[in-house]
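Listed next: structures, encoded as structure tokens.
Below are two complexes that have chain A in common, paired first with chain B and then with chain C.
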Partner chain A sequence: MSIDKQQGEGAEVLLMGNEAIARGALEAGVQVAAGYPGTPSSEIIETLSRYAEPGKLYVEWSANEKVAMEVAAAASFSGLRSLCVMKQNGVNVASDFLLHLVGSGTRGGMLLVSCDDPGALSSVNEGESRHFARLMEIPLLEPADFQEAKEMTLWAFTLSEEIRNIVMVRSVTRMSHASGNVVLGALPPSRGKAEFLCDGKVSDPERGPMISAPVVEKHRLQQEKIRKAATIFETSPFNAYAGPERPELLIITSSACRLYSNEAVSLLAAEGRVGILKLGTTWPIPPAYVKKHLMATEKVLIVEEVLPFLEEQVKILAAEQVREIGFKTFYGKNDGTLPMSGELNPDLVAAAIGRILGIAPPAIPAVYGEKLRMYAGLVPRREQTFCPGCPHRAAYWSIREALQRDGRNGFVCGDIGCYAMAVLFQAAGFHTAKTLHAMGSGIGLASGFGKLGSFGMDQPVLAVCGDSTFYHAAIPALINAVHQNANVIFLVLDNSGTAMTGFQSHPGLAVNAMGDAVPMVDIAAICGAMGVKVVSGDPFALRETRETLNQLMEEGGGVKVLILKQSCALSPEKKARKQYLMRVDEHLCRGDACGCNRLCTRIFRCPGLLWDREKGKAQIDEVICAGCGVCSGICPAEAIRCEEAPLS
Partner chain B sequence: MTKPLLAKDPYNIIITGVGGQGNVMASRVLANMLVRTGCKATIGETFGMSQRGGSVMSHIRVSATTAWSPQIPKGRADLIVAIEPVEALRVLADYGNPAVKILVNMRPIYPVGVITGEAEYPAPEKIREAVTSLSALSCFFNATDEAVKLGNPVLGNIVMIGAVVGLGVLPVNREVFETVIREGMPASRVEANLHAFAIGMAAVTCAVNADG
Partner chain C sequence: MKRNERESGQAEKESVPGGQKELEEEVLRAGLCTGCGACVNLCPYQASYRDRTVTLHHCDLTRGSCYAFCPRTPADLDALQQKLYVGADLTPEVGAVSGFFITRAADETIRRQAQHGGTVSALIALALREGLIDAAVLTGEGERLLPRGITVGDPETAARLGKSRFVVSPTVAEFNRVSRTDCLRIGVVATPCQALALAKMRAQPVADTESGIEKLRLVVGLFCGWALSWRNLTALLEERMDLAAITGMDIPPSRYHTLDVYTGAGTNRISLDEVNSCVRESCRSCGDMTAEFSDLSVGSARLPEGWETARFWNQVIVRTKPGSDLLDLARRKGVLEFREVPAGNLEKLKAASLNKKRTAASV
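And then the complex of A and B:
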């Protein structure tokens, strides 16, 4: 689903939060947009890429988030409106440049859009990017519904130009990946041309060089800008109060938590007792505006995700103003009224309000609850796993076989992508991958493990990395491993795209975000230029892959690279297309008597392979099977047969 | 536009299934239909790594006036559409209540734990018994079988959308489905979708009538 280009100003359409943010940027006349894919942020750049047009809007998937921010900043320095987009931990990657950018300031309006993932629904961290706004001293905006996501993004460009610095817009999964009604505004005509004016003095913000020095002077100027933003925020329409004039309890909230708070108050029918102060400008909070609302109540509950960010600001303000506003009782994260990890929801907020005000949330009827308990044991757990036809299952199968044959207790350092599931879930990866941290950290850790031989470690050290991750952050660590002569086998699991987030382009492909032909940067050539042994293979060729791995383990001595290339089963060229029709030859399948211990269904665990309990034989689920043919290579009785599927 | 009539405001729908069953697509189509008829629809869903072979759930809040939380409070579903049978039970456990209506596609997708033999998948009659006992109205379909006959098992999701419309609890009809599908899909896929929709719509009408 995408924004319909035919629908113009005034049309009311269903948009995902990310599409609403993209629409806001389009309505602001954004000219350059850059980002790195990461759930839940990816749809913003994807949406913008459909509007790309030479001289009007340039969109790119950058190699990583720091480069994306640099690309967007260059546009801003040249007078264009620009946007960079990333998920929460992407801000960490970009933060070194950001620290210097806030000192130099910006020219054309520039936004950083960060989409956080409270509850880590699609992340291996619960990092909170809001703290970067305070750390870097830049304004922070948080939309609390879909219309606001659009309006706020649109307005943020104006704010950026007014204070001549980057503005941060922060969303969360439940905004970015939720959808709601949005009334569209007009798309503006093309804006001006690009020119980097740089012939002025260092002190000239219009024509001088863009640098963060003289540091202390620039820092002072930056703080003036943030004070100006606070003043603007005092009258911002993105801050709003709803509730009684003197509420018994004041909720201060932002983002998706505003919707949870509304719902919780409605569940408890406490509209007459609770007021909700929704802040859209969350750093710095507008002091006079918040103070006015604090004066109207004794009890304050701060509802936010994930850490007590607003809570700390409100408490500082209350301490500074205590003579005028009097003593308050605060509830929130610090006192345990709400949990400080994981995402919130309407039930958690309702329970918190209920405890403070002594109201019991509505309960499930007892008879129904009894029935639920009776049937509770029926539902089997559904663990996540690799898709049918996934090349990673095949790659990890060969790694498992090779490590078992080697017998020295070798292990894999994991990295970020679908293949990370090998560490997270038992059903995937066959217990081979044992570490999982940041993008590129697999090879970085392996570089360290690979130097521990002199301390007596003789375990083979393997690292995996996807194609997109290779360009993002693996290259410096790989260079380090090569240069330090670390004992590492580095497997690049190349599935030809940024598969996990939806097949965004990366530098290894000959096409960019806008669909234009571009030069591709070859992984094998990069590794080869580092002077190490590079082997390429097909993960679906199980025996060859296993043999290559065992050979590389035996050789030892420095870094070896094995590139396993096979497109993702969900890629547009493969999806819903079977290469093979699979079947189990029941005469050949020896069933429980085989002695293989049901290698196919108990160990290999592809969802397309079932075990027919009545017959005691393996069976293909034709609706699920992707027809990759890999399982025919694991059956010792050769009972899993594949034949070429007819071209549909 | 006049305000749409809803049995309840907000009306809470959960579409549930397993990654790859077209759950997100189904929720988008239904919510788009609702927006076209003048409703405010809020969808809450997660996708990304969370969909890889795991349970996928979309929450749709339908209101005449405003956006609601993208997460439905526990025990507050009005209509559950399950594209996979044990997912129906999983959602009932958290969001069920005595008044809930539920449509279930009976084609199982076995969790890995069941394939390995570590877990049991409940028998179809046991699932029917539990679903019937935990809902005010329940209808069971073989949507995937019908979709396979149409040439693509993923069309099971559209069979289920047809059933939702046939149930008659929402202010949407076949015409608005066709409009949304024609706008959002390549022309070559429209006919199969209309066909799948018609099958679901007819199936639910029979089932509800038989129910009484």
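And then the complex of A and C:
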């Protein structure tokens, strides 16, 4: 991480977008920060957690995004500056609270930072959180570079306090995870103490209770606030125009798309013809400011990710002002000039500009093609799968074997975590997992599937979820399944951390985001309290796990919980520590002959196993083998041998 | 057997190559799997679960032991019989017959614990005691009437495991397992399909697999009309009784048309019409009633005194020299009692067997 406490005002440092956002919050004197891990947002809370100090900054990984927003709101209600952070679909989770929060308003400056993932690089959706700003009627800011990410975050607290409502800052993967130079500002002295003033009237925003009623009156006040924000945005330094006075084509853009637009214009050498209006305040757009720029051109291209959010606002404005600004030709998502799904990039934007202005994009030099072909051949073909030593591979192996034995076409409802790869990639889940939706939806869907017996369905229904997902959203669905007596086997794949996003803490762990000792909330005890059968096991014990699963499937009758606990292979306590030294006894290895046919490298496919083509035998890749020993349990010839590794 | 008979007429006399894919298409998904276990414990891809054979993972070999050993994959059964039996002994109805007897265990304890005359239990116990075999692969009872293949080394235990099971056990899977251990001489008590699988192993070992088939010294075949699906049978029985209370089952001669289920509280008679719906699909097309690929085959007897006497005796078809030697030894040691075979018994058995072949061929 590039920022540390030693670096003060004026220092220019290389920061990741998420670090710049965290730095902006620190420079604003943020006192409470809460979030739920999710790529590409996680580094913001992680960075802030390093600055946590009693009485100065409290940071937590909350059980889910809604709780994170509630925790941050409580701080705001008590006069503190607070921040809640999540990825795009986290906003969906928080949105029910958000709808009511915008009605009650806030006190201390409060931000919602959402990091979207256009192109779904680390998501199973490319949902856009920007629409929540319009839906909830709160101001939206979108930084377009790293310095701005810091400045915008810093300023957003002031805006929030000015309009007494939450302000949304939206980043995208390419902003959050790319890095750039940022000049640091000063860190402020500690701010005031927390006190929730609540002895006033409902109508008193300073001392009244924090509620969204009377609804219509509060709603009207909220809309006043948003009009105020629009006025403030008219002169915001986060909106900027660069280009000729009367551009042939005006690009209106925001966020990382500003960088793509700059690059595209430069690629086409069209600086004299194209102007770029970069908006940082993207809801509501400042009408007079945008109108002024619309008047200077005839053609408008809106470049944004993912849906036509700015485009629709600009078109509405243009329609309202048509008498003054005249007719314009709009290009963007709606007319297909730019794709409405996936990420944009400079090439796509350049092609769009080229089509509009009749400029042929410069041809890619032939040498690139040659190099591409040359290097592509050098890259080994790799499939996405679980890491060597991953407990999920072992768990799914047992699930596969149990389902095949059972023979009734049972299936697994997947969920969000590394174990979701079982749905996406066949080598990871051995064709067992068949659904994948939101966090906690595995057990929710299973609760529904598990009630279809009376319609003739006799397929065993399994659901998986990780430990962090369990606390996040699985509990209500599990309670439903129990209460409705759905026929479900619920597997908690407990790898002792929010592993996929980088081992953030969760309620099942004894340490919180700040490194403090905290009470652990026990999954088995929670499930046990629901009154269902709970079995605990080790996913590395393949036979035991499989037999338990088959027994649970035979038993049927309501919800059964199987908790498979084994730390992630990359967890700090396991990493670089092998329990076993593995080797293949070549004399015993049956290789590709009948009786084995490369079960380990063809079906099990742990990346730590190699196939020696010349010898026709399996091998261990000692460099990446994690030494879990699981593969020795699948070898039919007992050729994969485990030796207890010496303590390092 | 329909498939086998059809295939046997073809010019191609060698085994047809096939792997898991063909096994799945032609046997498992076609409903022809007998659950014998011949394809299990050879590799990590097939397993027995309950009374079914299941595919755990996909194997892409085009020639596999699983397919070669399966009693339901194409094979030239005539050639197999010619290879394993004396040509002059072969009959079209019941396979090789070098002798035909009516016997029972001399030891009344064995008879009480076994089905009918206890001949099989007595012979296996004898073979173990005399060292003709050092391991016997038998069918033991698991939970809820679910049979399982087990290997027994001591004669006393073997003598206790003689009850008829009406659900197939993966006996050949157990043979596959135990033949790769340090046992040296193995005897197997086998249903007709299991005996055929063992015969196919004897005749066509797949070179790549370390096989223990040479350790097979004795196959005692069991007469078999059909086996029942475990799931269906337990469902049928659980409607009427507590499974744990069942002490045995039997099918009296055909005029009774019942499955008799013995419990501590008495005998439950279930009409064969109801039982018929529980019969494994694969059994309907099987034409082997007398385990033609055994060393000797044992089943229930017919006697002029009627069922109440006959049910404590067995009929035995001796097919090979090892079978004949074992029966002679049993006679010399007084392990079995013999009585005169009533005139026409073998002919009646042949007629019944032929009837099953005809029914199977029409499926």
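Convention: the second predicted complex is superposed on the first by the 629 of 648 C-alpha atoms of A that agree within 3 Å, B and C clash if a C-alpha of one lies under 4 Å from a C-alpha of the other, contacts with A are read in each partner's own complex, and residues count from 1 in each chain.
Note that in this section a residue touches a chain if its C-beta (ideal position, glycine included) is under 8 Å from a C-beta of that chain, and two chains touch if they have at least 3 such contacts.
These numbers come from a predicted model, not from an experiment.
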| item | value |
| --- | --- |
| Touching partner for A:Trp611 - first (chain B), second (chain C), both, neither | first |
| Touching partner for A:Ile489 - first (chain B), second (chain C), both, neither | neither |
| Partner chain in contact with A:Cys413 - chain B first, chain C second, else both or neither | neither |
| Contacts of A:Arg382 with chain B and chain C, given as first, second, both or neither | first |
| Partner touching more residues of chain A, whether chain B or chain C | B |
| Which superposed partner A:Asn550 touches (first chain B, second chain C, both, neither) | second |
| Chain B versus chain C as contact partner of A:Thr39, first or second or both or neither | first |
| A:Ala72 touches, of chain B and chain C: first, second, both or neither? | neither |
| First (chain B), second (chain C), both or neither touched by A:Lys371 | first |
| Residues of chain A contacting chain B in one complex and chain C in the other | 602 |
| Interfacial residue positions of chain A with respect to chain B in the complex | 1, 4, 12-14, 39-40, 121-122, 145-147, 173-175, 177-181, 256, 259-260, 262-263, 267, 345-347, 350, 364-365, 367-368, 371-372, 375-376, 378-387, 418, 420-421, 427, 500-501, 576, 598, 601-602, 605, 607, 609-611, 621, 623-624 |
| Residue ranges of chain A touching chain C (in the complex, touch as defined) | 400-401, 404-407, 430, 550, 593-597, 599, 602-603, 634, 636 |
| Residue ranges of chain C touching chain A (in the complex, touch as defined) | 42-45, 47, 49, 52, 54-61, 63-65, 206, 208-210 |
| Of all residues in chain B, those that touch chain A in their complex | 18-20, 28, 31-32, 35, 40-50, 52-55, 67-75, 86-87, 89-90, 92-93, 96-98, 107, 109-117, 119-122, 126-127, 130, 133-134, 144, 148, 152-154, 183-184 |
